[in-house]
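Got a structure for you, questions after.
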């Protein structure tokens, strides 16, 4: 699975992107967030408050209960502030 | 009194402006319209339907009951269509 | 900027130049909204001839712009309305509003163009390719658009 | 015009040139509305750094613009959003809409900028003169502005 991080999520994780093997028991965005929070102190800091995190699966905004699969591109970021 | 005409009011009257002596019994815009309608066939055509006419007294939009005096500049025109 | 900049002129205007004039060298503007009204070639229109009431027209525009200036926290406001003979494709009117905040700029711009349509002494005559002429009639929809603002919408 | 023209770029844009590109040679446009968002120098801001999600950002802008295109009878629509490091006074975003009718152009322009604020993957980091940095937080007022359109207002 390809993971992308943006804004302060990227800064806290310390990576702009990474490839991971998706654990069998991770089925949705919320589960992926919980799993990622255990990967490193940086990940833990980035995902400490899941309410601050937004996600996109294959470049579409995704809710916490959206399903994820091994071939997906999943991105995590703060609420957007364009315009 | 200085009178100004615009758009089709000007075309029907056949004048862009004229100076008139204000009859004593003409006290407001509606009275002035009724008086002007008697001045010439052109005036009569222009002022045939007072509902189609708008007025300004001293360059402010004016209602039919607005008072007019000899020194005023009074303009007549159709509803505006700018923008 | 001391207040709104109002012009009634025959000459064309330049949106880019007017917008730059409002924003150049400033760092307090968050949003710049503009509206340009253009002459359409409906029904074989050859030209629009715009007539105005010199003196009163400028006063009416100043008054409308001063009202927008009082109602929204604007940092700049330019209104240019052309008169004379305009061919299809030609720009007729420019409204440009600047503010620290986007909503103020957008609302003031819409307010100004709605009021210009109903409250400024301009008259449009249409000249058609076949020689016909017709004075444009005021639209009830324009009155309704302007009235929205009066009711505080 | 086949549809909206969407660009995400580091380079500045030119309102006058973009507006001319939408209207030049056409006689079916009655109104051209635009909004330019600029970088303000609030609180000693030295620069805004705009990050985006290449690929998704363009898709999101295409989707928002296609929605505006479907909802209003537009004859042209240009959306340009800059990324990278922008100093106070620099233009950040341009929304330009053209239509036969002014209300459609004005409404589509306001709709697009409201949705851009809440639905396009951009993130702003503020850099201050004293070395501090801060990620801009999403505003509830922006969500409210975007939600207005969803309710059919």
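For clarity, chains are labelled A, B, C and D in written order, and residue numbers in each chain start from 1.
Basically, contacts are C-beta pairs under 8 Å (C-beta built on N, C-alpha and C of every residue); 3 or more make two chains touch, one makes a residue touch a chain.
Just so it is clear, the model here is predicted, and its values are computed rather than measured.
Peer 1: Give the fewest steps needed to get from chain B to chain D, where each step moves from one chain to a chain it touches.
Peer 2: Minimal hop count between chain B and chain D: 2.
Peer 1: Using only the chains other than chain D, in their current positions, what clusters of touching chains do you get?
Peer 2: Leaving out chain D in thought, the network of contacts falls apart into A | B, C.
Peer 1: Let me have the rounded angstrom distance from the C-alpha centre of chain A over to the C-alpha centre of chain C, please.
Peer 2: That pair's centroid distance is 48 Å.
Peer 1: Round to the nearest whole Å and give the separation of the Cα centres of chain A and chain B.
Peer 2: A distance of 73 Å separates the two centres.
Peer 1: If you average the CA atoms of chain A and of chain D, how far apart do the two points sit, in angstrom?
Peer 2: Between these chains, centre-to-centre, one finds 27 Å.
Peer 1: On chain C, where are the residues touching two or more other chains?
Peer 2: 37, 102, 113
Peer 1: Could you check chain A for residues that touch two or more other chains and list them?
Peer 2: Within chain A, residues 83 contact more than one other chain.
Peer 1: Touching pairs of chains, all of them, please.
Peer 2: Inter-chain contacts occur between A-D, B-C, C-D.
Peer 1: Enumerate the contact residues on chain D facing chain A in the complex.
Peer 2: 37, 50-53, 55-56, 59, 81, 92-93, 113, 116-125, 135-138, 142
Peer 1: Within the complex, which stretch of chain B touches chain C?
Peer 2: 4, 6-8, 56, 59-61, 75, 77-83
Peer 1: Which residues of chain C touch chain D in the complex?
Peer 2: That would be residues 14-17, 19, 23, 25-41, 88-89, 100, 102-103, 105-106, 109-110, 113, 145 of chain C.
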